[in-house]
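Next, two complexes with chain A in common: one pairs it with chain B, the other with chain C.
On to the complex of A and B.
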């Protein structure tokens, strides 16, 4: 069975690109366009990896990461964000994220990082 | 049963006027209601067309980027002839291309440029650049500079001399974004004033882009004073110490703002060798530059340097004299006035200080 990835992103263009690329790589992709939908999906379903933005409507990325870490420590998280500020990146790693990718991103590189994170 | 019968001839004049006015206003109201409805419907149709085209385009770009099985040139042709019908369609796609380019990098970014050329968007924007509407030109320049796509120089150089500040700004941004070897080449051809905002824009770009910082001495003899001022600031900002002798020469420049910036930069760089020239120029300088020279003495001079100005300072306005006094206090505790800024003792303090300065000037 293919690995399930939850993509939490509010930019429709980025969402579509991620969905296209990850499906092409053989993953099952579930999309959430805001933090509230993501929280609901995390309650109802199980995922092998979460790929999330930090700036999200209703519930921000940090709260989602905190929620995931409280419920299930094992789920790997990759952050995909426009932020390049050192403190934001270190905060994310301190919260337990497995990888941090900054936008603009290379889809091929993202694909490799997802693969590597899932293989851990 | 009475029949309804209107004979207009029987109506009084006032009733006839009322009737005509009512009809006119009804027509006007009807026209405006129809116009609002028409515009609303038109807007909705355009909006739904935009969403449809955006969705198709995002799917097309993703397939183009990630699906190795498709025939790319055929896909480009098909999309172009199926979906791009009007200039509005071009505008929608250009906006989407910019969003893609902003979010993706690497190989995808190169493919996005391939789409840009393949769909005729480059040609469309080039035509905008040749047009006469300034906002079309600004939009084209913005897109080209964001995508880092070069266009023939004869399209861009005239925009640097445009009367519209927006166009000049976008032309500057274009050069900064596209030139890899000489990002400030446009300064050679810039005729008009370089505004403070443009100076900030250029400085920030130079700091954030991966370009080689040019030697700013190249424009120190530019005919436009604002460019010389900018270059003096940049020599300081990028620590181009090799240009210090040229900065000292700027103390003799005809323009007050250039001399002011030279004093400021030399002071920050602590070039004490330049102080003697500043002191020589002091009597002929403007009030603002005199103040700068006083603060330059405070930073890199001595009390003796300050004292050489005593014969001149009495001829200056009181604000400058107060500055002179304040700076004197930094060197010499013995000056008889202790609290010139205290409003209660100000008059007395001031008299004391003037008397003291006079005595100093006559060597008492």
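On to the complex of A and C.
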């Protein structure tokens, strides 16, 4: 069965691209366009990987990371960020995220990092 | 036509290839006349004369590249330079009739060759002032036309309301919200490779606040309008929906 990835991102173009690329790589993709929807999905379903933006409507990425770490330490998290968010990225790593990807992402880099994180 | 401008006739039914080809050239240096069928191009060449370069797709309707070229030679005494566009190399692409074979999606080295051939300034990067480029989307999707059109459609529908929202937040002096919208919009401009709009978004998101935001918001709205106009010209089918 293919690995399930929760993508939490509010920019619809980025969502479309992530969905296209990850599906092409053989993953099952579940989308959440804001933090509130993401929190609900995390309560209701299980995921092999969470790919999340940090600046999100309603509930921000750090709160989501904190929630995941409190509920299920095992689920790996990759943060999607813009290159100007270095301090925020550092905070995210301190919270225990596994990796980060800069937006707009390099398609091959995304594939590689997702594969590597899932293999850990 | 401006005498100093180079003139290319492009014959390819693939609207995406036409649009992508146009993004490589400055409109002040090159005039590209695109045709979906050979008949339109033949008629145009009959009336306007030989272009500096004819680019023709291998299987263009109704005659295909070879027969179209033969027709032009016999009926119009065409002696101009021709390059073949095709998805992959073939016996046709090796024909001596063609100066070069260009594979799709267009590669920078092929476009560089076209520029050198036409004696145009050749830079390794695409012009910085470009309104948009599809290179990122093409790389991401391996040239999947449906994905690219859907992405353009999402851009068309999603950015305008967010810019309106941004302006409204500014009027309400909710500057932090302006920054958040700008931050959220930035990847949309980056994905269509408009560096000016991406830079403006970045400044609004992370560097500028208060009333100093206003001129940048206006500039961003203007740049977005230019992008929409260019995309509408190149993808009328997306904008007619």
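As a working rule, the second predicted complex is superposed on the first by the 116 of 120 C-alpha atoms of A that agree within 3 Å, B and C clash if a C-alpha of one lies under 4 Å from a C-alpha of the other, contacts with A are read in each partner's own complex, and residues count from 1 in each chain.
The definition used in the following text is that contacts are C-beta pairs under 8 Å (C-beta built on N, C-alpha and C of every residue); 3 or more make two chains touch, one makes a residue touch a chain.
Bear in mind that the values here come from a model prediction, so they are computed numbers and not experimental data.
After superposition onto chain A, partners chain B and chain C are found to clash with each other.
With both structures placed on the common chain, the touch criterion links A:12 to chain B and to chain C.
Using the contact criterion defined above for the overlaid structures, shared-chain residue A:117 touches neither chain B nor chain C, since it reaches no partner.
In the superposed model, A:28 makes contact with neither chain B nor chain C.
Applying the stated contact rule after C-alpha superposition, one finds that A:20 touches each of chain B and chain C.
Once the two complexes are overlaid on the shared chain, A:109 sits against chain B while remaining clear of chain C. Shared-chain residue A:55: touches chain C; no touch with chain B.
Of the residues of chain A, those at positions 11-14, 16-17, 20-21, 103-104, 107 touch chain B in one of the two structures and chain C in the other. Taken together, the chain C residues at the contact with chain A in this complex read 136-137, 139-141, 144, 147, 150-151, 154-155, 158, 180, 183-188, 190-191, 202, 205-206. Chain A contributes residues 11-14, 16-17, 20-21, 24, 103-109 to its touches with chain B in the complex. By the touch criterion stated above, chain A contacts chain C in their complex at residues 10-14, 16-17, 20-21, 55, 82, 84, 103-104, 107. The touching residues of chain B, counted against chain A in their complex, run 58-59, 61-63, 65-67, 96, 99-109.
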